[in-house]
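Per-chain numbering from 1; labels A, B, C and D assigned in written order.
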Amino acid sequence: MADFSPIELMICAASEMLDDGAMVVVGTGAPCAAAMLAQKTSAPNLTLMFEAGGVGPLLPRMPISVGDSRTFYQGLMATSMADVMETCQRGLVDYTFLGGAQIDMYGNLNSTLIGDNYEQPKVRFPGSGGANDLGSLCWRVLVITPHDRRRFNERLDFITTPGYLDGPGARERAGLPPGSGPYKVITNMAVMGFDEESKRMQVESLHPGVTFSEVQENTGFELLVRAPLETTAAPDEAMLRILREEVDPHRYILGRG
Amino acid sequence: MTKSNVLQEGVGPLLTSVDCDAARAYFRTQPKEMVDKVMPVSEAVSRFVVDGDYLASGGFGGDRIATAVLHEIVRQKKQHLGIAGHTTTHDFQILCSGNLTGRGQLLDRVDAAYIVGLEARGLSPHARRVMQSGDVRVCEWSNYTLALRFQAAAMGVPYLPARSMLGTDTFKRSAAKQISCPFTGAPLAAIPALWPDVAVIHVHASDEFGNCRIRGTSVADWHVARAAKKVIITCEQLISNAEIRSDPTSTTIPFFCVDAVCLVPGGSFPGNMPYEYFSDEMHLQAWLQAETDATAHATFLEKYLFGTKDFSEYLEICGGEDRISELRKEELIV
Amino acid sequence: MTKSNVLQEGVGPLLTSVDCDAARAYFRTQPKEMVDKVMPVSEAVSRFVVDGDYLASGGFGGDRIATAVLHEIVRQKKQHLGIAGHTTTHDFQILCSGNLTGRGQLLDRVDAAYIVGLEARGLSPHARRVMQSGDVRVCEWSNYTLALRFQAAAMGVPYLPARSMLGTDTFKRSAAKQISCPFTGAPLAAIPALWPDVAVIHVHASDEFGNCRIRGTSVADWHVARAAKKVIITCEQLISNAEIRSDPTSTTIPFFCVDAVCLVPGGSFPGNMPYEYFSDEMHLQAWLQAETDATAHATFLEKYLFGTKDFSEYLEICGGEDRISELRKEELIV
Amino acid sequence: MADFSPIELMICAASEMLDDGAMVVVGTGAPCAAAMLAQKTSAPNLTLMFEAGGVGPLLPRMPISVGDSRTFYQGLMATSMADVMETCQRGLVDYTFLGGAQIDMYGNLNSTLIGDNYEQPKVRFPGSGGANDLGSLCWRVLVITPHDRRRFNERLDFITTPGYLDGPGARERAGLPPGSGPYKVITNMAVMGFDEESKRMQVESLHPGVTFSEVQENTGFELLVRAPLETTAAPDEAMLRILREEVDPHRYILGRG
């Protein structure tokens, strides 16, 4: 078996979830690497979009900002933030990648603040940015995040971006588009999805060498388990070579993982 | 009059009026002659930015931003401004230099979609201090809904519907309302219009009257320029009106939206200017680093911002044309 | 679910669904690969225009219209189509050739903002006969509100508010509703979204995948292309994908909105194509004149439309490249 | 006094109503000629807009369509119909010119149909086009029209475009922008405005040689008269020369009048 780092495994696992011919709104960092890797392997017809207006670039390097010129370098279209968001709202965009300081069992995300006083938060984070919009409007939300109890929380200090809110039917009741919502959460320990009925997070595969109890220990709420619980497929040499040599040769992302 | 349709409403403060008749009355009286609007940044800021004004910053935080105007607002010690933070990053950080630095309070209210962060570069310690101080009133939004607020204003209507923000604390801390669709009955978010007092936008080219071209993504600027009551343009290049007229399809902002045109080559530095120069990541890191320590921060701001008389002096101590040349190479690398 | 906010509503028929969830479900399943979509007009029409479909015609009636597709729809005897008439002039007149001419009923419903007229050129006698026959269901709109219907659909929301149409019979005969603003309580017109089944749009240039450029005014086509479930593009020029990528700011319509790309030089004839050729006023007058008499009309349509196998044969009998050359001169005259 | 035709007088009178520095949405024909004439005489800083998206052209010839390429020939901007209409809705546009088959005492206009059966009208006209929008959203509406009883009607068969609807306060009650509405009606006989209080049409000036009773005879409702009733100023030689030689040298419009 090939040798790989946790971040390499996370990126490879995420890239394999992107269908060929799909559209995906990505941010900077690992999600962008996963989308680029997918384009170079299983999904050559994947269309990348960036929330500031970049559509279908031939990415020369990793963008530093989701609005920088790399996001539309040799792109198919350089348009507006509204055009990209409305393409999501219209129902054309299959995937998006989101992150946050906290995530709960329904895939709700917090990227706004820590503390219980809104007016004077303990820690102020940037806020939604485009996350709430993308999490509301794209069909499937993917999360790539480190796995620890601080992040995987029973109760969020602030729901910035909707997952399944408080459970089955809640998105639809709130007016969010039916059939949309969190899809997979990819961490350094496991890949999780969401149970069809309860909309609760469930472990689908454990990364090689990781046990379920280790995952549960690092999670602040009770995880469900999908049967049969699998082992996350290890990336093969070819994929790793493309990731290392073509996607992130300067190790901007791989160097951090 | 009935407002019976409102199912739920956010508790966030509405920081600007949603009265489209008042906005119409304002726009009616504004001069619309094609006159020469070229002036120095210092004049544009002293004439068109008034204490208490609500600002919108064009571009995308560190991409195509009107750095020169933002610096000048801080230098002129404008007070009690509001700001629309739809992915504001370095622009927000610049404005925060006027808070908690012994120069009164530059920012006192923020519509927040994305603030205090610089995307992949990390968070601004000073912007966080400002936002954690309790001195600044905040209303939450998302990037799209904040863009939609400008769009509503540009369209001249008091609100627009969206399917975003619903069900979250972002909604609860916003000033949006949940309504039901008059056609389908389905719940929708009603996003109120936002007419900023002043917008500051950096563009690739403008003529002397303010007919502007932008290359690359327009982010929300098409609507921001139309929504704002006063618009200050900075441009990489001044072009002739004949050049504008040679390709009217390329005009992004028409002259009748614009109040001041300032020629500022390199004007998005240290931000990225598409097709011109990439962002100066070293300078941005130095700024973030300086903010981790109060003394270092004061020294940094004195050197780069308060101690410089204008943007060109700032650019000079950042490396001037040599540095811009390096960033031009960076921009054009495949 | 409550729709209590509705103060008044038009009695006009809503000719299309306003269900944005159904539209989302449709768009989700559509293929979005960048594949070669170049095909003849006849194939595009037979594959993508189905009896009963609701059409939107791009451009502005006699300016930048997809004549070849409109002719082919008539030639293929499509039946019971709906049409969005936001300043439809010659395009509407062409489609009316399928009504009251012994070929069944091509049009059976119309959202009317501007129909039967050809602006300064006068009214179409045949289009008037069709519209006065009582055979066609009509709903009234204005040009802006009909454009706004496409915009709502492109945005993925069931309606947008406007301050137009209020207080008039145009409103009463529309399918709009009067609502009160959830913020100010003021009355507003709620304009329902319109997702056409098919849009036909003529552009200056497209690549094989359907990434398109338009020069000059875009009228409502930016939104029409995004709102329509199927889009047939005709273009003056096929350009390479590399060319599109060399200037992404110029892309008006992205490939993922487009189903068919047809190369049709001169394709807006007898309409105006900005920067290419002016409208053929003589031919348009001859068409109007022929319509004043039933026999003359039948002969005219036989000669130009039913008797020609495709647009290039039609263009040939109208004078072919020589005539286009004259119209090119006319377009470029100062 | 210079010699002039009724259409020349109408165009000259209309052109003098356009302030310098104003914005005006115009159509084809006489309104366009009036706006061009104003630009060349009293209002060099008048900005012309056309509803299909043309802004600030240097008109080489009269447009035939409000969407043809002349409407943005050497223009300042070629944009969308929505952008132009929204500029009106936002409150930036001072004037527009409208016409119609019928007009009533409140300046309401009919350009939709004649007859009392909507489903099967006696005569179907084009409908609103942009007229309803422009008449709703611009500050001041100007009408240039021939004067006869068939047009100047007590009761319209169809109100396509709002004037003052059924009188004072009606526009505001309907939700139309306060302070907007019909401004002047210029015919081959007189110039009419609207009484501030009653919002009814009133004659302000009679063209040279026309009497009030002639005007009233050609009007299907009772006209008010503004005191003092004036005589419409005759255009001077210089203005007529510019109209004939520079604005419409091919007599596209003047030839019809």
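In the analysis below, a contact is a pair of C-beta atoms (placed from the backbone, for glycine too) under 8 Å apart; a residue touches a chain by one contact, two chains touch by 3 or more.
Please read all numbers here as calculations on a predicted model, not as lab measurements.
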Co-neighbours of chain A and chain B resolve to C
Applying the document's contact definition, name the chain pair with more C-beta pairs in contact, C-D or A-C. C-D
Return the distance between the CA-based centres of chain B and chain C, expressed in whole Å. 38
CA centroid of chain A to CA centroid of chain D, Å: 57
Chain-centre distance (mean CA atoms) for chain C and chain D, in whole Å, is 28
Note: chain C sits from chain A at a C-alpha centroid distance in Å of 40
Multi-chain touching residues of chain A, meaning two or more other chains, are 54, 72, 78-79, 89, 137, 177
Multi-chain contacts in chain B: which residues touch at least two other chains? 21, 156-157, 162-163, 186-188, 215-216, 248-249
Overall pattern in which the protein chains touch one another (line/ring/star/complete/other): other
In contact, pair by pair, are chains A-B, A-C, B-C, B-D, C-D
Using the touch definition up top, name the residues of chain A that touch chain C in the complex. 20-23, 45, 47, 54-58, 72, 74-79, 86-92, 94, 137, 139, 177-179
Any idea which chain B residues touch chain A in the complex? 59-64, 85-87, 89, 112-117, 119-121, 123, 128, 131-134, 138, 140-145, 147-148, 151, 162-170, 173, 178, 186-189, 215-220, 222-223, 272-275, 278-279, 281, 331, 333-334
Name, in rising order, each residue of chain A that touches chain B in their complex. 28-29, 51-54, 60-61, 64-69, 71-72, 78-82, 85, 89, 108, 112, 118-133, 136-137, 158-162, 165, 170-171, 173-177
Which residues of chain B touch chain C once you look at their complex with the stated criterion? 1-7, 14, 18-21, 156-163, 177, 179-188, 190, 192, 214-216, 248-249
Could you please specify the touching residues of chain C with respect to chain A in the complex? 21, 23-28, 30-34, 153-157, 211, 226, 244-246, 248-249, 251, 254-256
